[in-house]
Structures are given as structure tokens and as C-alpha cells.
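Below: the structure, in C-alpha cells.
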Amino acid sequence: MRSAICRSDADSIRIHGLDLTTDIIGKVDLGQMAFLEIWGRLPTPEENAVFNALVVSLVEHGLTPSVLAARLTYLGAPDSLQAAVAAGLSGLGTVFVGSIEGAARMLQEAKAADATEDQIPALAREIVARFKAEKRIIPGLGHPIHKQVDPRTGRLLSIAAENGFRGRHVQLLEAVAAEAERSLDRHLPINVSGAIGAIASELGMDWRVCRGIGLIARTIGLVAHLLEEIRSPLARELWLRTEHEAQPPE
Amino acid sequence: MRSAICRSDADSIRIHGLDLTTDIIGKVDLGQMAFLEIWGRLPTPEENAVFNALVVSLVEHGLTPSVLAARLTYLGAPDSLQAAVAAGLSGLGTVFVGSIEGAARMLQEAKAADATEDQIPALAREIVARFKAEKRIIPGLGHPIHKQVDPRTGRLLSIAAENGFRGRHVQLLEAVAAEAERSLDRHLPINVSGAIGAIASELGMDWRVCRGIGLIARTIGLVAHLLEEIRSPLARELWLRTEHEAQPPE
Amino acid sequence: MRSAICRSDADSIRIHGLDLTTDIIGKVDLGQMAFLEIWGRLPTPEENAVFNALVVSLVEHGLTPSVLAARLTYLGAPDSLQAAVAAGLSGLGTVFVGSIEGAARMLQEAKAADATEDQIPALAREIVARFKAEKRIIPGLGHPIHKQVDPRTGRLLSIAAENGFRGRHVQLLEAVAAEAERSLDRHLPINVSGAIGAIASELGMDWRVCRGIGLIARTIGLVAHLLEEIRSPLARELWLRTEHEAQPPE
Amino acid sequence: MRSAICRSDADSIRIHGLDLTTDIIGKVDLGQMAFLEIWGRLPTPEENAVFNALVVSLVEHGLTPSVLAARLTYLGAPDSLQAAVAAGLSGLGTVFVGSIEGAARMLQEAKAADATEDQIPALAREIVARFKAEKRIIPGLGHPIHKQVDPRTGRLLSIAAENGFRGRHVQLLEAVAAEAERSLDRHLPINVSGAIGAIASELGMDWRVCRGIGLIARTIGLVAHLLEEIRSPLARELWLRTEHEAQPPE
């Protein structure tokens, strides 16, 4: 058994080789720290810009099911803030933030990184044909609310491009979106999960932990919502109303 | 029912009044975003420096019980990264990161913010006397491993002071530590949880969500450990060894 | 490290000394099994009757905050039923089922088991005086909805009495309720949590795991609600309505 | 929004039409109650025997990863028993108890219930061929420890048969096991998850909640292990040893 991330003794804590007290605290900001922790090294300025943009875009999205679950949990266990946050994270599965993972997986399993630019259109056709044959939804495309264009997608893709991260994964996702639109005859813009999955793949993040970007972001959001719940509660009202309305008739 | 944090419609997402696409992504980094989300406004440069230092200091502390719980959970549910992170957070209660909350509560309930500098020593004597009478451990002092001086504490307190956040909460905690040492006749240095609780109180953070700083930080750490678990697993070995060793005799 | 509960090898699994295949499956029912697992031996018929009554009384209480949290979690992670149940359990803290623990703790810390019947009234006066002085709510008394008499309380106390479990803990709780009513001049009937805490204490259950009775019971309830959520969903509607209603004005 | 499970008001609580106080407490035992809660009616004696056998078989299996995660969580949050149980349940995913779901899904999606006995062998061949073609493991067969015969499987299948529940789902699973053994040329006995998945299908349980049988059972086991952890702790030792052993070299 071996973990290479941290070495600590009575005098010091070293994280990926950097001393927490002298090299990190006061010198490395939160975005850089998250990159260091996950990638094992500090980011370049370009990586830093792109990674911060990805996480920041997922921190807050209103009263999501995850936020409501956390607030309802806090109502019953106000002395266990961690249990409320844990409950909120538990629902960040395949349906919501988990779709980032689906897009990253699709692009990484297609070995986009090893392809030439010329090979991208053929890869995209293969992917769309396979998902169509298996009657599966292509991850990272379309959005129930932002039907026309997800406002965040273009911004994230621009920041990636400006910083040198419009590589094969992004190109492949764009090609998949175009091919899907033609093949399925529906407007299927890249959504924010798709953009994040593609850009995280450009940063070299294993698809199996891409859901983690959402977890890091949403933990921040959940703490903010629990603070609001303390000051201006809504969970009790939500509970009592729902219980009253949904009871079976006598 | 009302939540003031976020307003979203088909065209835009506004968070505490800022437009996510045009004002936040690419302009606000992760530390600033966390501050915005929780405080409802962007931080000053001084607040930003101090807040980043607090969170960064808690991201990683090796193979903690929380990390082991997350890795063992991942072993059984590798397709639910969020469940493994949630399991890891569930143990961040009163014993570990939760002690931040204890220190912040003690300082905030003493109404340190309303005291003059002259009143601090008397407040400290009251606090120590009360904890002593109730046979309770004073939160934020002492450390099982870093017996002499926690290397992180001095660094965090320096950064706070340099940025104008050595206010009454920090002064009161220092006075409590000195008084406790005299009264209990034991070396009781301020530990990292105490320093964070005091500095978070300087930043105006309600003690009831101070545990959240640890949750935000450790979620990052848990994602990194789960990535390591995928590449270089230890949970299965830990399980099999423990099961084998701890079985009752036949 | 030693765990005495279970011994398993390639051929057999022994639980508290009984062989799972030959002694337990098909011979021991679920209530007896839970008793065996927790107490380390099979129950007497009287213990069995009382223990089953306790657990059964907590299985279902409608669309509680815990049930809503589980259903909202399932909406985002339908392939992780365990995460939805875990989210639902996370809120069973001090406010709801956790109050069982408070009552059991109060009775066990008063060393009711060691008292004679004559000493009970004095113990009750001490307890009520102490909670009054500390301005704390006495656990196990009163109920927000069932103001007059909780219909379950009398039934549980009868079953306990019929089976020989109206011992000192139950007597002390009754004396505390009477004393509280006189001293605080309010109608404070024993509620179902109080009755369960007292009866679990009669069964010899450590107060630190009494919350577990509620966890065992509610896990059953959560599974049933998630099945209903699959067949007749309400979480999506609850989310969309709440999000729409609670948005801040433009 | 409508939930048909429970109706409660100030005077009574009705669960699937039965009054909790007069019809359930003291009359319905825990196994029957779980059946009532999930199926919406009380079980027949035969259903009761079979259902109890299924749940009882999963309560305890030693120091599993789930138990270790719960004990490590309790170490950090001893005042939140529910968080420790929730952490333990979080890992009951696809790898361990979740495999029940896989077996039940395979049998229910094959529409075993609608088949005649003559059609079973052909259904089994189709299933094995499909899993082989897709290079997927057939759920419910084989076991890492109990290589020859899982001691629980035969017992559960006997109890099912004795009570009239050796129907098409059980027959199909047996046919799949025989076909898999021939086709893959490996000994692949039905394991306990497979038997439970098949028998739960006989009882009419939707595969999407079959994982719930394991959750109900293991919650009991987790409470018992947390009681043992309080009396005879091992989590701290497990943590300190692992941290010490697995640190990277200086």
C-alpha cells in the first residue's frame, strides 16, 4: 500500500513534494492548489486559466435537486453540516453533473488525442452511428432549458482556445455535434457538460474523475446554500407544503 | 420561499447579481468565486489572500480516516464517484475538521468583535474558567501530533496580520491560549483549526458554516485520492488484510 | 484489531456463533436477526415482541424531509439507489429520530437501572431542575403535531409493560414527564421518541446507538418511497416548482 | 404530486391503509412490516418465509469495505451515527450487493415471467451468447471466495422451492448457470446475489430496487458494527497503521 500524494511528520507536511507551510500557504491560490493536488504539479498560467474557468462555471445553478436535498438534510441534522453537504453531493450522478463524465469518456475512448485533424470527421461519424445504433443519447449535446445555445459553452470553448486547449478532444466533440445534427435532424448544440468534458480531456484529466470537477464546484455552492438556509430557511416550508399536498385522500 | 443567490432563465445565469458568462467565467478565479458564493460579493485583495490561505491549508493531510472511507467506498461503487466523496465528507465532524467550528463558535459567542482590546484578557479568563468548570476541552488548542508548534498556525496568523485581519477574534484566541497554558499548566499552542476558526471569524463567517471551509478543501483532496486509488489502488488490500487479521478465532 | 461479530471462510459464515446457512436462514426472522446482530444473542419471546414493536413504529411517517431528500437524490443518480438511501439517512440527526438518543441518554446517565422505585421521583426532580436551569428542552416529551397524546406512545408502553419491560427507565421517564408538567406548567406528554428511548434502555441498548433503531426502520421506508418514486415520481415536479417560485426577482 | 404510502393527521398514522397504532404495532413483525411497506400489503405466510430468508442472509458478512468505511467515519463524527451508516451504505454499489440488481435485471428483462418452461433453455442460450459477445460478466454467477459452492445459495433456493417460489426466474437463472458453464468452460455456480436476485424477482420486486434488500439488511449490520466500534474500537489503529505504512519515502 502506497500513497504518493502527501508526506507528513511532526514538523512538516509535504504535498506532491511542496512544503505546505513554506511553499504553498500564501503562495498558491485555491485554483492552483486544486490543480496541484489532482495533477501532482502546479499548472502553467494557461492551464490555470482554463481549469479555473471550468470549475467556476459549475459552482452555482440555483435551487437544484442537490441543493434541496442538502437543505432538507440540514433541517434534521443542523449540527452535522458535513452530512448535509454529503447528501447534496450524493445526487450528482449520471443525470446532472455526471454527464461531464459521459462526454469525456466518449472522447477519451475514441482516442482523440492520438488522431490527426484529418481523422476527426471519420471518428465523429463512427461515434454518432454507434450511439444511434444502440439508441443511446450522445453525452454533452442538447439541454432541456437552454434550447438554442447554452450561454456558458461558447465562453468556455473560447477560453480554452485562447489558452491553447482547442485540441483534438474539443475538435472531436464539435464534429460529433455537427454530425449528430445532420444525422438526427435536430438542433443539438454542445452543452456546458460537453464543453467541460472535452476541455478537461484536453487538460489530461481521466474521465473516471471528471465528475470530480462538479463535486469540487458544487461543494462550494452547497456551503453557500446552507448558510442561506440558516439565515433565511425554506426547507421546513417545502416539507410541510409537500407533505400536506401529496397525502393520499382519507 | 426565497433564495437570493442565483437567478437563471433560458438566456443567462446571474449569481449574486453577476452574469456567469460575461462577468465570472474567465474573470473570477476559484478562490474569488468561493468567496463570492458565500459572502455575496467579491473579496478585496486582502480578504482574497487570507481566504485562499485558509482553504488551501486544509486540502490535504495524507491518508486520513476520511480518505480511507472514500477509497473503501469507491471499491464497492466505482461508477458513483460522488458517493465515495460523500462518504469521505461524512466523517468530517466534531473530531477532525469540525474543531474549526468549535473555535469560531467560542470566539463569536464571546462577542469578541464588540470588545475593546482592553477587554480581551478578561474575556479570555472567563472562557478558560468556564471550560475548566465544565471539564470541556478548549477548542483550537493543542495537537496530538504537532505537540510543540503546528507549523501551519504561525504562517496563517502572519498572513492574516499582514492583510489587516489580526482583529479581536485572533487576539482573543491568543489570550485564551496564554490563559489556558497558565491555568492548566500545560503547553497548549494554537492549532491549525483554532487559527482557521479565528481568522474565518475575522472574515465575518458565521461559525455554523465554518466547517464548510474544511468541506470545500477536502472535497478537492478526496477527488485527488480517488484518482490515485484508480491508478494505484490500496483499498482492496486494506480490506482483505483487516478482515483476515481481525476475525475472531474459530 | 478484533471484531467478534462474524467469522467467515470458504465453507461457512458464523454470526455470533451461529452458522448462517444452517442455524439462521429459514429459522430466524428479520426482527430476531436484528436483535442477534446487535445484542450478540437471540431474543427471548418477550424481548422479541418489544424490539419488533419499537422498530416497526418508526418505519414510515409520510413525506418527511428525509424521504424528500432521498427522492431528490434519486432524480440525479437513478443508478445509485444506495446513494439516495444514504442521503435520506443523513438527515436523521438531532431534530427528528435523533431525539430517541436524547431520551435514552438522559435516562441512562441518571443511572435509572441502579435506582430503587423510591428513588425515582427524586431523580426526576433533579433532571427537570437541571434541564430548566440550563434552558434545555427535555428530550422525549411533547410533539409539534400530536399535541394532546401521541397515539403510538401508549401502545408501545403497554407492549413493554405486558412483556415485563416497564422497568426503571420507563418509570423515570414517566416521573420526568409528570414533574416537567408541574414545574413548567405545560402539557408535556411522552412522545414516541421518548417511549422508544426508554424502552430501548430497558432492553439494555447503549444510548449511543439508539438512533440506530430509527436508521434500521427508515431504511425500509426509504426503499419503499424510492420504489414509489420510480413508479409515480414527484421529485422533478417538486424541484421545478421550488426553483421557479423561489427565484429572486429580476 | 401524490404519495399513496402514508396518511397521517393529529390522531392517527395510516400506512397502506392500516392504522399504525391499532393494526401494526404489536401485531406485525419487522419482516412483515418491511413487506407491507414495499409491496403495499401484508405477505402470505409463504412470501413472508421467503422474504425474511432473503434479507436475513445479507445482514452480516464481517469487516467488509462498507463496515470499515462506516467505522472510519464514526471516528471523525461520533455524534452523527447516521452519517457513519450513510457512509457505509454509499459503497453498496455495483461491485458488492449491487450484483443482486444485475441478476434481477437480467431475468426480468428476459421476461422470464411470461415464458413457458419449454422456452427457458432458449432464453438462457440467448442471454449467455449476448453477455459473451459483449464481453460482460454474467451477474449472479461465481464468487471470489466461495469458489466451489456458496453455502447460502442452496439454502435460499430450497426455501424458495418449499414455499412455491421456484418459478421461471429461478429456472432461468439455473439454466443460465448451466449454459454458461458449458459455453465458457468454467465452474460458475449461482452465487448468493444471483439467488437473491432471482427469488426477489419471483416475489415481484422491480429490479431497480432489489439493491434495497441489501441496504435494509446491511443497515442492521452497520449499527451492530458501530456498537462494537464504540466498545472495542479498531478504526483509529487501522488509520494510524495505514497512514504510517503507506507514506511516500522522504
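So that you can tell them apart, the chains are marked A, B, C and D in the order they are listed, and the count of residues begins at 1 in each.
Assume a residue touches a chain if its C-beta (ideal position, glycine included) is under 8 Å from a C-beta of that chain, and two chains touch if they have at least 3 such contacts.
Worth saying up front: this structure is predicted, and the values here are computed from it rather than measured.
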Common touching chains of subunit D and subunit A: B, C
Write down the chain pair in B-D, B-C or A-C that repeats the interface of A-D; the criterion is over half of the contact pairs matching by residue number. B-C
Measuring between Cα centroids, what's the chain most distant from subunit C? A
Report, in whole Å, the distance between the mean C-alpha point of subunit A and the mean C-alpha point of subunit C. 38
Averaging over Cα atoms per chain, report the distance between subunit A and subunit B in Å. 23
Averaging C-alpha coordinates per chain, one finds the centres of subunit B and subunit C separated by a number of Å equal to 32
If you look at subunit C, which of its residues touch at least two other chains? 1-8, 62-63, 77-80, 82-83, 86-87, 90-93, 98, 234, 238, 242, 246-247
Residues of subunit C defined as touching subunit B within the complex: 1-8, 77, 79-80, 82-83, 86-87, 90, 242, 245-248, 250
Residues of subunit B defined as touching subunit D within the complex: 62-66, 68-70, 72-80, 83-84, 86-88, 90-96, 98, 234-235, 238-239, 242-243, 246-247
Would you tell me which residues of subunit A are touching subunit B in their complex? 1-8, 10-13, 15, 20-22, 24-26, 28-31, 33-34, 37-38, 49, 52-53, 55-57, 59-63, 78, 80-83, 85-87, 89-93, 97-98, 101, 145-148, 151-152, 155-156, 158-159, 206, 208-209, 211-212, 215-216, 219-221, 223-228, 230, 232, 234, 237-238
